[in-house]
Amino acid sequence: MALKPVADRVIVKYFETEDKTASGIVLPDSSKEKTQQAEVIAVGGGKVVDGKEVPVQVKPGDRVIYGKYTGTEIKYEGEKYLVINADDIIAIVKD
Amino acid sequence: MALKPVADRVIVKYFETEDKTASGIVLPDSSKEKTQQAEVIAVGGGKVVDGKEVPVQVKPGDRVIYGKYTGTEIKYEGEKYLVINADDIIAIVKD
Amino acid sequence: MALKPVADRVIVKYFETEDKTASGIVLPDSSKEKTQQAEVIAVGGGKVVDGKEVPVQVKPGDRVIYGKYTGTEIKYEGEKYLVINADDIIAIVKD
Amino acid sequence: MALKPVADRVIVKYFETEDKTASGIVLPDSSKEKTQQAEVIAVGGGKVVDGKEVPVQVKPGDRVIYGKYTGTEIKYEGEKYLVINADDIIAIVKD
Amino acid sequence: MALKPVADRVIVKYFETEDKTASGIVLPDSSKEKTQQAEVIAVGGGKVVDGKEVPVQVKPGDRVIYGKYTGTEIKYEGEKYLVINADDIIAIVKD
Amino acid sequence: MALKPVADRVIVKYFETEDKTASGIVLPDSSKEKTQQAEVIAVGGGKVVDGKEVPVQVKPGDRVIYGKYTGTEIKYEGEKYLVINADDIIAIVKD
Amino acid sequence: MALKPVADRVIVKYFETEDKTASGIVLPDSSKEKTQQAEVIAVGGGKVVDGKEVPVQVKPGDRVIYGKYTGTEIKYEGEKYLVINADDIIAIVKD
């Protein structure tokens, strides 16, 4: 992808229309408006904390759950993406 | 479990319908709407503080009491879980 | 006790109905609704500050005065307790 | 005194009814409701900052001026006291 | 350029009237009022964090996406620019 | 003076009724209600930052300009003083 | 100048009535009420961060752009000045 996130930001592609994902996670009714699961597309180089760069804990291809109502939507070559902070990712879906 | 929490997050399975748990804890009336006791299902790798990773102080299988009105609800394979921050756990129930 | 507080949390048993305690402390009228004196039942392992664990400054059996309108009430084997942060304890009653 | 303040807390005995104290300080009209001068009765062991304990800069017997509308009132053996943070003391009255 | 940003500030020239940029990024409808893509014109020397200067992660000529409703508009020799903080840049567009 | 400020506090004597001071500073109209210039009477020992005591940058006798609407007024032997934080001093008037 | 700013404060002389300055910067209409360009008159010794004094990055004579609606106005020998924090300077105008 031609977009490189800065610092600890993460670009994700989220699943907007599915109620139940392939891996079996169903988000509860109250969160139906905007699905919270997504695939990581690109990650930044990490956040500098106390003079050390702390790398982002996810990598492209990871499936993640993130807090909804977070991040900035962008469109790239006809596709919608979301740019979120790494801290807004709450869990990784392991297969 | 196929969900791996990030950082200091903890996935718990809470007890929604019991008034009195096996270990004898009864939550007071004012907190009846949402039970505060839960079992730890999965924990993240810890939070980075001052350049050191501080591990989460609970482990899968622990029974914990946590502040209600906290965390994010998720559904996984038909079961409801709650993802909370380790800091929101106030006590561990020892048997 | 089977409850182990996490971090710098402290479980106390407070005195709800007495106006004057054995040690002679009377709380002023404006704080009559909820007595501020209590006995420490269990303490957590301490808070991590700048990479070092700072132990809680009170121990089980201590009588303490704490800021009212703080903490989380729990019931355990028919008794009510309060879980507070160690920082909310303002003084220890020495005999 | 049988009360030992925790951390950087200070127990003071304030002068409620005097308009002019022995040492000659008169508080301006706008602060008449609650006198800001007091005598230090007991001090805590200090606050931990960056891993070091910073001792409280006043000692029992000191006369101090403190910001009004601060602290927690307690009654002990029929006397009223105020528990304040050491940071709320703005000046010491030297004789 | 004769303007030198201070600290971690970045001067950018943004694209106000295009809906679709050359590199193919289209911002979603809700952000049409002010385009979020821009070219970096000048960067400051960096922010001092914990006694070390952390350099800005973008350089003049970079195309960046930044959070809208941020920064200060200035006019220089008839052209409008925006001065933003480096932290408000969320991604770099790689060609 | 018999008052010793604590930490980084500074006791100043301000000029309430003059529009133009001896050194030629006139405060603009919008700040006429309370003159911002004062003479330093006493200073505290300094603030502890990162384990080191940072001394106050002014000394008794200095004429200073400080932000209005700050500090605590006290009366001492018939005179009004103001206790401010050293950080609220914005400039020293050099003769 | 007889005024010495404290810490990281900067005294500037701003241009109130010009729409277009000599160096060619025109502030956009929305900022016409108070011009954002100024000349640095005097600078403080710097801010103490993590025990080290960080010097101010501008010097007397520099022309700077600063965020409007910031700082404190003072009058000195018939001239108006503005005292701002060094952090409120966003760019230096190089000739």
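Each chain carries a letter (A, B, C, D, E, F and G) given by its place in the written order, and its residues are counted from 1.
Going forward, a contact is a pair of C-beta atoms (placed from the backbone, for glycine too) under 8 Å apart; a residue touches a chain by one contact, two chains touch by 3 or more.
The chain list, named the UniProt way, goes like this: A, B, C, D, E, F, G = Co-chaperonin GroES.
What you see is a predicted model; the values in this text were computed from it and never measured.
J.: Quick check on the contact network: minimum steps from subunit B (Co-chaperonin GroES) to subunit F (Co-chaperonin GroES)?
T.: Step count on the best path from subunit B (Co-chaperonin GroES) to subunit F (Co-chaperonin GroES): 3.
J.: Averaged over CA atoms, how far is the centre of subunit A (Co-chaperonin GroES) from the centre of subunit B (Co-chaperonin GroES)? Could you give it in whole Å?
T.: Centre-to-centre distance between subunit A (Co-chaperonin GroES) and subunit B (Co-chaperonin GroES): 23 Å.
J.: Would you mind pulling out the distance in Å between where the CA atoms of subunit E (Co-chaperonin GroES) average out and where those of subunit F (Co-chaperonin GroES) do?
T.: Whole-Å distance between the two chain centres: 42.
J.: Which residues of subunit E (Co-chaperonin GroES) are in contact with two or more other chains?
T.: Residues 50-51 of subunit E (Co-chaperonin GroES) each touch two or more of the other chains.
J.: Could you give me the chain order round the ring, subunit E (Co-chaperonin GroES) to subunit G (Co-chaperonin GroES) and onward?
T.: Here the ring, read from subunit E (Co-chaperonin GroES) toward subunit G (Co-chaperonin GroES), comes out as E, G, F, D, C, B, A.
J.: Help me check something: in the complex, which residues belonging to subunit D (Co-chaperonin GroES) touch subunit F (Co-chaperonin GroES)?
T.: The contact residues of subunit D (Co-chaperonin GroES) facing subunit F (Co-chaperonin GroES) are 23-28, 30-31, 36, 49-52, 54, 57-58, 64-65, 67, 86-87, 89-95.
J.: Over in the complex, which subunit A (Co-chaperonin GroES) residues touch subunit E (Co-chaperonin GroES)? Could you list them?
T.: Going through subunit A (Co-chaperonin GroES), the ones touching subunit E (Co-chaperonin GroES) are 2-7, 9, 11, 42, 45, 48, 50-51, 72-78, 80, 83.
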